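Labels for the chains are A, B, C and D, by order of writing; each one numbers its residues from 1.
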């Protein structure tokens, strides 16, 4: 069967790939494009480990078909740092020890960035509700929430 | 807010107790760290596993011919591809391995024993082809009656999982087979006399549901095995040496012929101390001649990997009016799952361990049933018995009208207190956690309507055992530490901290890695809160060997005896005026002269670490109960845990936060729900409800530091005991809020509401 | 020093599953021993099979401190030794 | 392996032609947050996936005759970020906000939520209470259908082969009216409603309720419109007595199953509690107190 030929912008670069209809964007990222930073924790949209943004919109890449990426702009964890400069969220996650095993970290960083783009000064509750779609089994979320709030402070320059 | 209480006389450390960035941090925040599912090799195939739709059935025949004929399929395997194993329990009691069972768990033979039990596996060029091939495998099942719950499985008329299983631990052995694999008993004193002396006695029954470890990373591995009898695995596990040993045994290979590379691991909590996919990927690779990758789905993880046991328990405690406990008795019946080996022994040992009880008895039963075989989960067994014991403790305190923390403090064990399993406690630490809670402002904070406060405590052994480490001094004076311990939550940072402290150099000059099974000595699993303790001892010993070598090199340069060289703050120094007058020589300067003084400087240390000190935790929980819906909101949670010494306090706090939150999930919502056919109906993160960020307040951690003299920096282990008291703390808080004692976990809204309504 | 050690026996306690299987019910022993190896050898001599069982299937608490069974543990005069089931964590 | 086609038509005519002409099962792909899970679990094996996100009417939010028309494939995040929508229909907004995580809402649509026909769908009781009308286009042309008439049972709709739910019209908001939706779940987020209750009511100048619609989710084979519950409010000042009668009527209307998410008794009781609490919020909104 003929595969779909898809052209998209991935972390600012133009990419082309072939995929079958049923392949998800997560499958394409991991298996076709070798970008394994987005993780499969459930493949049902319940854990958020595969979070990416499409045209700026936060989604689970396991619930998007690869073919739907045609013409879209996709951001993954691999595009979060600018060259050798970590994003403030990435730095704060390291400083606050906001990860233990780290499997949920890429998805949480992408989700947190999406929050701070919309709301540069979130309350603790707003962080917790925004991140409710990102499961972490290690940390109990304390240090994740701390790191996001601290990154927001730094990014606001206060 | 997190806090720390340390005894004031402790000497100051330069690196221990600081909070540097972990060495593996940047790859983990940039998506570059490679976990079990992130490896690929040229020519790689995808493996997929066919699983049983039945809870219990005999396998009459398996026909794989149509699957094998599907274009793209390169190998199909069944249990016939694995050698039969001897029926014998090998090794220590609780962890006794029976390879006859293990080979049947990874691939069913005569029978399937639970829904999701693996029966065949396929390797194909794409995932889609592998999945399609599974549908072409024809399995002829003869369904059998099944049994799910422990009390039902113990009944004489229960369907038997093993027609010839005779209960161990009963003399003389019973004549008839049953599902009861083992009976365990511990006890000291005179129970009848003890209860006779009590002014108040409380006895209650409890049940708990099986709960899953819930790591976010499904099991995954990549195998490259050849026909010549050698192979490599990239696997996310809690112990790559254990993966190597089990995989080699199940494939009838020499241990030395299997090389296991440690992938980063996406959570384990005990559930990745055993193997599932590794031998299947290896067998498929050997058969096909290609590398094979297997990734479990989340549904597979829930249906076929280890939850911890559900249990049915009775606990009775008697105390005098003055608060002293005089007797206690516990009966603990645990679901092992499809094969023997629940953590019931730990439950019988840990439940009463925090208390000085002169007359005490614990009896446990290990019972098989048609569920996935239980696997270790964070202080295995202890949280389950603690739920019962700490609930009854609360009720006894109420009955004699005593503050529940003071009641516990009055009976708290300390060095010299006898245990139910015989020896006396050798360490303090419990009373200090209670005092930390008593002194915490939260204990006196006012409560509102429908709000309640509960406290509870817990005990866990913490483990020692075999670990290996190497320390190498680089040409520029930096240091590389390698250990055999999988890093599941920041242990590379704590190893580097201990090495830097011991060597007297900066943290940034030390890098720590996890070595593969061919590059370092045997190291037991990352579990039992043992890594910072046992592997830490190996690191410090290797550092001390390196220091001895550095002193010898300095002595050679100075032309004096090595015995006359001391090591201080990262420098060789003359040991006293008599040794001669030399400027201190830093490690870096000695490293620069390494070739002139004998070549590379490095050392390995392998230990079998004993003297692990137990962990104690005491917890305080405030809840608000919605009396119309039964919803329980956690308002506040404080955990005070004796960690001995926090090497990297941030990661230790993280262990406390994480353990408590897992306990909150266990208390309120997590459970395995089966239908009448024995099918798991909630095998996904949507309906297996682990806590989400918005469910929780900030967990307040209090690090209590009562150092362990058997570790160079006083480490006791921090990973597990924090989960032990949590369910009872929540139950006691609900009781305080609405006057109803919940005795069945989880305390989900329908149960809480039913309990409230039953009392109206 | 060695003399003193040898003259003050260690007190050994077995869990009941072991005493039932190997010693005809005897649970407690006083054995003159300098190291744990001496204890294991002495018990093996009295009850063939017991020593091997202790080596492979138990942990040991020496004055309450839990260790894996290893020959080299030096024993304090009059110390208390319990052979107990081995614990494994998660 | 059977071939799965994917098509992304740019207009309704092409979409309906593709749907009508499909040889086997055709599935409409809007957000895909239910469909992709069903496909992965092997529960549906479509021959055609029809991606409708390229069709303008299905992706727009527009004012229409004082009401709001929004496309069936508009994502939940787009809706809850739309100021007029949020201001006019706070109860429907409450419901849409509860459909999964931010990630899921970034894809999921109300059209999908309605057509997936889960009895527990969060947006449906709120939409029914709001009096939303669906606009459906098929081979025979366009027809309008109240939202309560779309689901036929779990996973089943009254849509005929070739028909496509295109958009919804939320009617003009009466003065002194307000709506609310509440659901019960064990967790605060990431959960399926054990019970959901939507209430939309209008007061006269004296504060007497003149109109009300009450709808319940997850208590029957599909979301229910419960006129008896509404009747308890109409003519009252929505006082404690009226709320109590509303709760009783809501509980009485339930015919739930017991499953992994809740027992029958629990659902029946909760339906009354939530209807009462939702009515209180709707009342506050109608009175201009938020």
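We take it that contacts are C-beta pairs under 8 Å (C-beta built on N, C-alpha and C of every residue); 3 or more make two chains touch, one makes a residue touch a chain.
Predicted, not measured: the structure shown is a model, and the values here were computed from it.
Of the two chain pairs shown, A-D and A-B, the one joined by more C-beta contacts is A-B. Distance between chain centres (mean CA atoms), chain B to chain C: 28 Å. Centre to centre, using the average C-alpha position, chain C and chain D are separated by 70 Å.
Residue positions of chain C with contacts to 2 or more other chains are absent. Touching two or more other chains at once are residues 128, 213, 268-269, 685-686, 692, 694 of chain B. Within chain A, the positions touching two or more other chains are listed as 20, 22, 43-44, 46, 129, 132-134.
If each chain is drawn as a node and touching chains are joined, the picture fits none of the line, ring, star or complete shapes. Against chain A, in their complex, chain B makes its touches with residues 19, 21-22, 24-26, 28-35, 37-38, 40, 127-128, 213-218, 264-269, 295, 297-298, 488-490, 648, 650-651, 653-655, 657-662, 684-686, 690, 692-694, 696, 698-699. Residue ranges of chain A in contact with chain D, taken from their complex: 1, 4, 20-22, 24, 43-46, 48, 51, 54, 57-60, 62-65, 67-68, 70, 111, 114-115, 129-130, 132-134.
Contact residues of chain B toward chain C in the complex are 90-96, 169, 171, 185-186, 213, 268-271, 273, 345-346, 349, 376-380, 415-416, 421-427, 460-466, 527-530, 608, 610-612, 710, 719-720.
If you check the complex, the residues on chain C that touch chain B are 13, 15-17, 20, 56-59, 61, 63-68, 70, 73, 80, 82, 84-90. On chain D, the positions that touch chain B within their shared complex are 1, 41, 184, 186-192, 194, 259-263, 265-266, 269-270, 273.
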